[in-house]
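Attaching a single structure in structure tokens format; questions to follow.
Chain IDs A, B, C and D follow the sequence of writing; residue 1 opens each chain.
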Amino acid sequence: MYGKLKARAEELSGELVACRRDLHQFAELGWMEMRTSSLVAARLTEWGYEVITGRDVCLDEARMGLPAKEVLDEHYEWAVAHGADLRFVEKTRGGFTGVVGILHCGEGKTVAMRFDMDALPVFEKTDTAHRPRMEEFASCTDGVMHACGHDGHTTIGLGVARVLSEIREELSGTIKLIFQPAEEGVRGARSIVEHGHLDRVDYVLGSHLTASDDGKCHICPGMAGTFATTKLDAVFTGRAAHAGVAPEQGNNAMLAAATAVLNIQAIPRHGQGESRVNVGVLRAGTGRNVICDRAKLEIEVRGQTTEVNAYMEAYTRNILQASAMMHQCKLAVDVMGSSAAIECTPELVERIRQVCTDDLAIDVNEPSDMGGSEDFAYMTRHVISQGGMACFTGIQIPCAGVFHSAGFDFDERALPLGVAYYTGVVWNLLGR
Amino acid sequence: MYGKLKARAEELSGELVACRRDLHQFAELGWMEMRTSSLVAARLTEWGYEVITGRDVCLDEARMGLPAKEVLDEHYEWAVAHGADLRFVEKTRGGFTGVVGILHCGEGKTVAMRFDMDALPVFEKTDTAHRPRMEEFASCTDGVMHACGHDGHTTIGLGVARVLSEIREELSGTIKLIFQPAEEGVRGARSIVEHGHLDRVDYVLGSHLTASDDGKCHICPGMAGTFATTKLDAVFTGRAAHAGVAPEQGNNAMLAAATAVLNIQAIPRHGQGESRVNVGVLRAGTGRNVICDRAKLEIEVRGQTTEVNAYMEAYTRNILQASAMMHQCKLAVDVMGSSAAIECTPELVERIRQVCTDDLAIDVNEPSDMGGSEDFAYMTRHVISQGGMACFTGIQIPCAGVFHSAGFDFDERALPLGVAYYTGVVWNLLGR
Amino acid sequence: MYGKLKARAEELSGELVACRRDLHQFAELGWMEMRTSSLVAARLTEWGYEVITGRDVCLDEARMGLPAKEVLDEHYEWAVAHGADLRFVEKTRGGFTGVVGILHCGEGKTVAMRFDMDALPVFEKTDTAHRPRMEEFASCTDGVMHACGHDGHTTIGLGVARVLSEIREELSGTIKLIFQPAEEGVRGARSIVEHGHLDRVDYVLGSHLTASDDGKCHICPGMAGTFATTKLDAVFTGRAAHAGVAPEQGNNAMLAAATAVLNIQAIPRHGQGESRVNVGVLRAGTGRNVICDRAKLEIEVRGQTTEVNAYMEAYTRNILQASAMMHQCKLAVDVMGSSAAIECTPELVERIRQVCTDDLAIDVNEPSDMGGSEDFAYMTRHVISQGGMACFTGIQIPCAGVFHSAGFDFDERALPLGVAYYTGVVWNLLGR
Amino acid sequence: MYGKLKARAEELSGELVACRRDLHQFAELGWMEMRTSSLVAARLTEWGYEVITGRDVCLDEARMGLPAKEVLDEHYEWAVAHGADLRFVEKTRGGFTGVVGILHCGEGKTVAMRFDMDALPVFEKTDTAHRPRMEEFASCTDGVMHACGHDGHTTIGLGVARVLSEIREELSGTIKLIFQPAEEGVRGARSIVEHGHLDRVDYVLGSHLTASDDGKCHICPGMAGTFATTKLDAVFTGRAAHAGVAPEQGNNAMLAAATAVLNIQAIPRHGQGESRVNVGVLRAGTGRNVICDRAKLEIEVRGQTTEVNAYMEAYTRNILQASAMMHQCKLAVDVMGSSAAIECTPELVERIRQVCTDDLAIDVNEPSDMGGSEDFAYMTRHVISQGGMACFTGIQIPCAGVFHSAGFDFDERALPLGVAYYTGVVWNLLGR
């Protein structure tokens, strides 16, 4: 069966590439994957999946970092005008863009797989040597680009969906394909977990494309090294005053913000693991001669472990509070995203490694550290805490440009490789 | 003659009010007084003045804080469409909005008077109890408002122009009426001085409306207490990097900016006079998880004397430089406006005081400190340095709201009072 | 009588100089004027004054910036060994070094005069060109020096005491001579006021030597320009930890202190008057590789008015509190000294000016700003608030070196001049 | 032979304990190990070693963090009075306290071993339950204590010297025993390397006592996890001024210091490894009302790799420079200590592991991270760079109290274990 699955994946290559390029061209930002998710839902339906969409996927109030209503509404019109499937797009209004496809194959374990769908606010390279330009599938929306390979992830998910539907008679158990919105900024996964979609899941699988150094393709099960993270927005509200005439009548939000920036960056390192901290954006003040009455900071902290991240977050919040108090400003803090560190179950990682090597004859590499954060961690944490197992895997292929940059592109051999990988592992776990 | 001048000013009241309300309704920001100045030029021409406009008023390269070309171009269209005098507006293109009107009255001294024309970026109050709303002359442009009374100043200038033209036969010397753009932000006066319009001037007069506490109107010659000031924009340019993966590869402009804000605000007080400092605006960074690579600060410093201001400016520049170096960022600093402290010639102040009391029978008050800054100071400094005399005068009248606020309005008795004041003083100085 | 008083003062010159030089040689720091005050008490007693000493002068708990008990005890031994009057020194134990001398002259007004007695922690110049070295009356205690002229003040006070006692029959009212400890650091005056010694006082007079530019001596009544001030000590207590192994286990008092220093210095200027701020001393930490667990700051703020100073103090305290909270440290703040701004009663100043000019034929100068602070302000404030009048006067004489420096010395003509001034004014106020 | 060496070590237990307790009682700080090193030199001489002492061990100018000359001189007197060997102590004057003992055993490789001798500035616990108190070998010097086990290290070195001298006939090659001063603060090793004592060394061995969790003793070859580190002292020199009268005339070293503290602590984390930073001590200013003209910071940075440490040091120096420039202060920076991260040669580690397990039958544990820093790193780096091999080993035994604390003590089974370990490894490397 492993050989058959691998061959089938190869056979689908042309379709997979076409699908990926369509998604690349119509890239959509987090919580706005309206066209994308309507197409996903349509295909899953076509292939016989039970399809869950709209408010039934992401718990409304657990969605983090949601764009403004007007932005969502405007994008809805765009999606409708750019090829969204009209049977499914309606339910994505208001940013409900997750899709879950379920394939019931009788008694047995449940295997969940996560595929993320969102693009990044990056202007795609205009250089014609950039393949998406040359081959004319570059993003049609200025400032929105699949610069992290999620177009590939979604495509792999659809390929997996198709192949598994073809062998459903030979499987025993339940397949759950989760197409997640808003992974960038680690905003989406929690709302899916909190809706209950990871309850009673025995195995949860996820993956990310990564860059290969040697021109070859590899599978790297057990990829870790993602950091736990919390994204905070903080707003100091002070009081304006004329800076020349009566500076003492102001409550200076600029001073609060500057003090917070320096002290947040100066949070002592942690002896139990690495930490990160960044105030990436600061917008403060309205006029040169007015005591600044409002300052907004966009902050993120990270920790090698969930505990280190918690330390960083707590210290940051304390600094914000004290900075506000220091200059008699009010403070509002919002969580715009958060994620634990990914945990993999060693036993499952080892089993998958053997499937790849022994059964699928795919080259396996040691997983590298990712450095960044990944909210798939919410899913691994939840499943493991309920007694299940989790594995996060690198799909390592040659890439052009670096991740998140304007010139990013990846070798499309990734697509059949990913499909072979997932279907092979599912066969190993649920094959009759 | 004094009585006659005062009566004539009263007689013109209705016209002055109409003029002021027209200007109020079509308020224009600094360097964009295109409609305003075209109307001023038209009237001065009509009354027999030699009229200088366009590039002959403000020295191009000495104009500070100029808006972007597109903004100027767009506003030009607006001015044309909103009643600008088509004979004069052409020469204001590109922000050349100053006007000088000269009345040659034979041999004698030269008296220059300065009237400023620009409005502020303030949204006018929508409350119908606000008189400009009730009487329907509120600004027709959202976010632009004469909230500092310069509509009154320009109107007074026109009234003075008219009355002086009527008595020109009885004067001996030269009258120079300077209609200045961009006083807000102390951006315009220097370019007029540098063009040479204050050379060989014997007396220079200026004024500002101020609020009266007692419901009555007063004239306050010798108003001082304006601070010298410098307005600086500073841009730190660092290098972006992924805040999670490789923060050490960035050059963090946010840290440079926060360090600069705290240290600039912490510049030691000066033992020889009061100082002020404000970082009013800070814009930094593009993304939460990106090391900030650009931060822009809008700064102003002030000093009770020109020397104290120079100390504040030099220290600020040094802090900016060191902050950039500290985090290996590049730095660009631009002067967006500057002004010395106003100086009045005691002898002239005393003379004017007597004209008001003894000849015009106007109630004279002690001048109060203005607190803010006023670039008329460039003119007083230049004229005094060349052996002339200067006086800055408060026209004190009841006001609604505070200066620079959305609900500001003033008692229009200010208009004939101002005309009587200026014409009386000119008569005293140049009357045959 | 004025002529007689002036002549008597001249006559006493030799004794005054001898007295001043003795005090100069045995200079004593604030709250340790044990030898000095015992001698003062002895002479006042001898001249018939009611003499109040020890705990009856300064209210114990209102004494600010008191040295440690051991320091006081040790100095007591020194005083006994260096010529203190044994009848009076006993009561100075523990730092009770104030003396009040009262001369009852029947019905009438009460005139209080303040003379301060303490020296400074300055090493006196060793250069033999320094007159106290050349004429052998330099301080015998290393690091303690009358570098602010209080030796002269105390001497003048004793001269005044003597002369007034000689003319007591011709006076009508009450004379109160207050010899104050610990003026440096503005620590002593409040405790005398709070004990009630300024209650029911009609006139309070004080003075300070100041430098003359023209080689001549002048009297400058109505000297003001002293700032209100508050001196604070702040101690942050955190928790130590190994900086390499577990920095997160510390509570970093160094970060709290650095944040406080920058923010205190950055307190916005006040539109209603000048302010000053300084963190003069910071001691933090015990070891390079230990997270700092203790930091002590010595702070002072000043304001041109008592209100501006209050703003500075309140803001400083708020910053200290927030800085402690920010890094989870404890905070202790102690007031080490404080003073209001001196207020003079214009009516009394004018009266004194006339006494000097018309009656005493002393050259009168315009008072200059002192710049620093002076806790005589407590006395002026209290007396004025109870309906009395106050005057602070400069005794302007040629000086060597600058005040508070190692080479300071003053022209001893100051001594008879001061005696003539005070006795003349008292005669004017209380003469029968 | 291995069995024989182990047995001989056991046999010497009593002497080893006596030696360690003598050293513990007469603990000496870094560069002051005058008594200690004189005794070491005496014994090495007695056992037939070529002994190098005084200026021939540590390169004078490469010694870091040397105490003041007076301190050294005073301690010399103490050492002479407390049992130093008079034949050898003379050459330690001025802090030349290193000793190298060489045993020439014919042709062959050179094996160097490092033993450190210095104590810490810690007050030893007075509680009688503390074994050194109970058994009366607590430090006789207040504030100096062997709280890091170097008394044990030196004792092991002497035991190794003795046993190897006994089997010299059976060895082939050269033995070099290096008794190092001033390891605390990572001050001493570099000066030995720079003198050339590690040139042409084939193997270099070092060790540190570490705490065992299970009550048993283990050997942990290949211990790493020490951080590279640099210790810096920085002095800002500004200019004093009266904080009330003329603050602008000062150059405020306090502001420079506070800015440096916050920014140094805020140096961005490094993506390639952990970092540490601490400003442990800050002394600034002399008087509350004086603009601070001098501030001294004691700083340390660390990095998981030598490169990360270099980044931290370079950034710190840049911040110091910019902070000085910002407030127009001068800056002096001194290196007070530094160390690379320890590197072990995997091949040698593996060989030693097998010696322990197979030949010596000692229990081997996985090495743990040390967290702190260790200047043995200078030696490993130098030897490896010349083609040799290095191994740093943990001697893991039960301990009381934590390292560097007042109650620290260790199980003296460490002593024979250490002797057996070193002699066994040497036998493996050089045995005929």
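Following the convention adopted for this analysis, a residue touches a chain if its C-beta (ideal position, glycine included) is under 8 Å from a C-beta of that chain, and two chains touch if they have at least 3 such contacts.
As the structure is a prediction and not an experimental result, all values here were calculated from the model.
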item	value
Common touching chains of subunit C and subunit A	B, D
Shared interface partners, meaning chains that touch subunit B and subunit C	A, D
Selected interface, A-D versus B-D, where C-beta contact pairs are more numerous	B-D
Chain at maximum distance from subunit A, centres defined as averaged CA atoms	C
Inter-chain centre distance, subunit A versus subunit B - centres from mean C-alpha coordinates, in Å	53
Centroid spacing, where centroids are CA-atom means, of subunit B and subunit D in whole angstrom	69
Inter-chain centre distance, subunit A versus subunit D - centres from mean C-alpha coordinates, in Å	48
Residue numbers of subunit C (touch at least two other chains)	244-247, 255, 259, 262-263, 265-266, 268-269, 271, 276-277, 291, 371
Complex contact set, residues of subunit C against subunit A	244-250, 252, 255, 259, 262-263, 266, 268-272, 291, 311, 318-319, 321-323, 325-328
Of all residues in subunit B, those that touch subunit A in their complex	121, 185, 227, 229, 231, 242-247, 254-255, 257-259, 261-262, 265, 276-292, 295, 298-300, 302, 336, 371-373, 404
Touch list for subunit C against partner subunit B, complex	262-263, 265-266, 268-269, 271, 274-277, 371
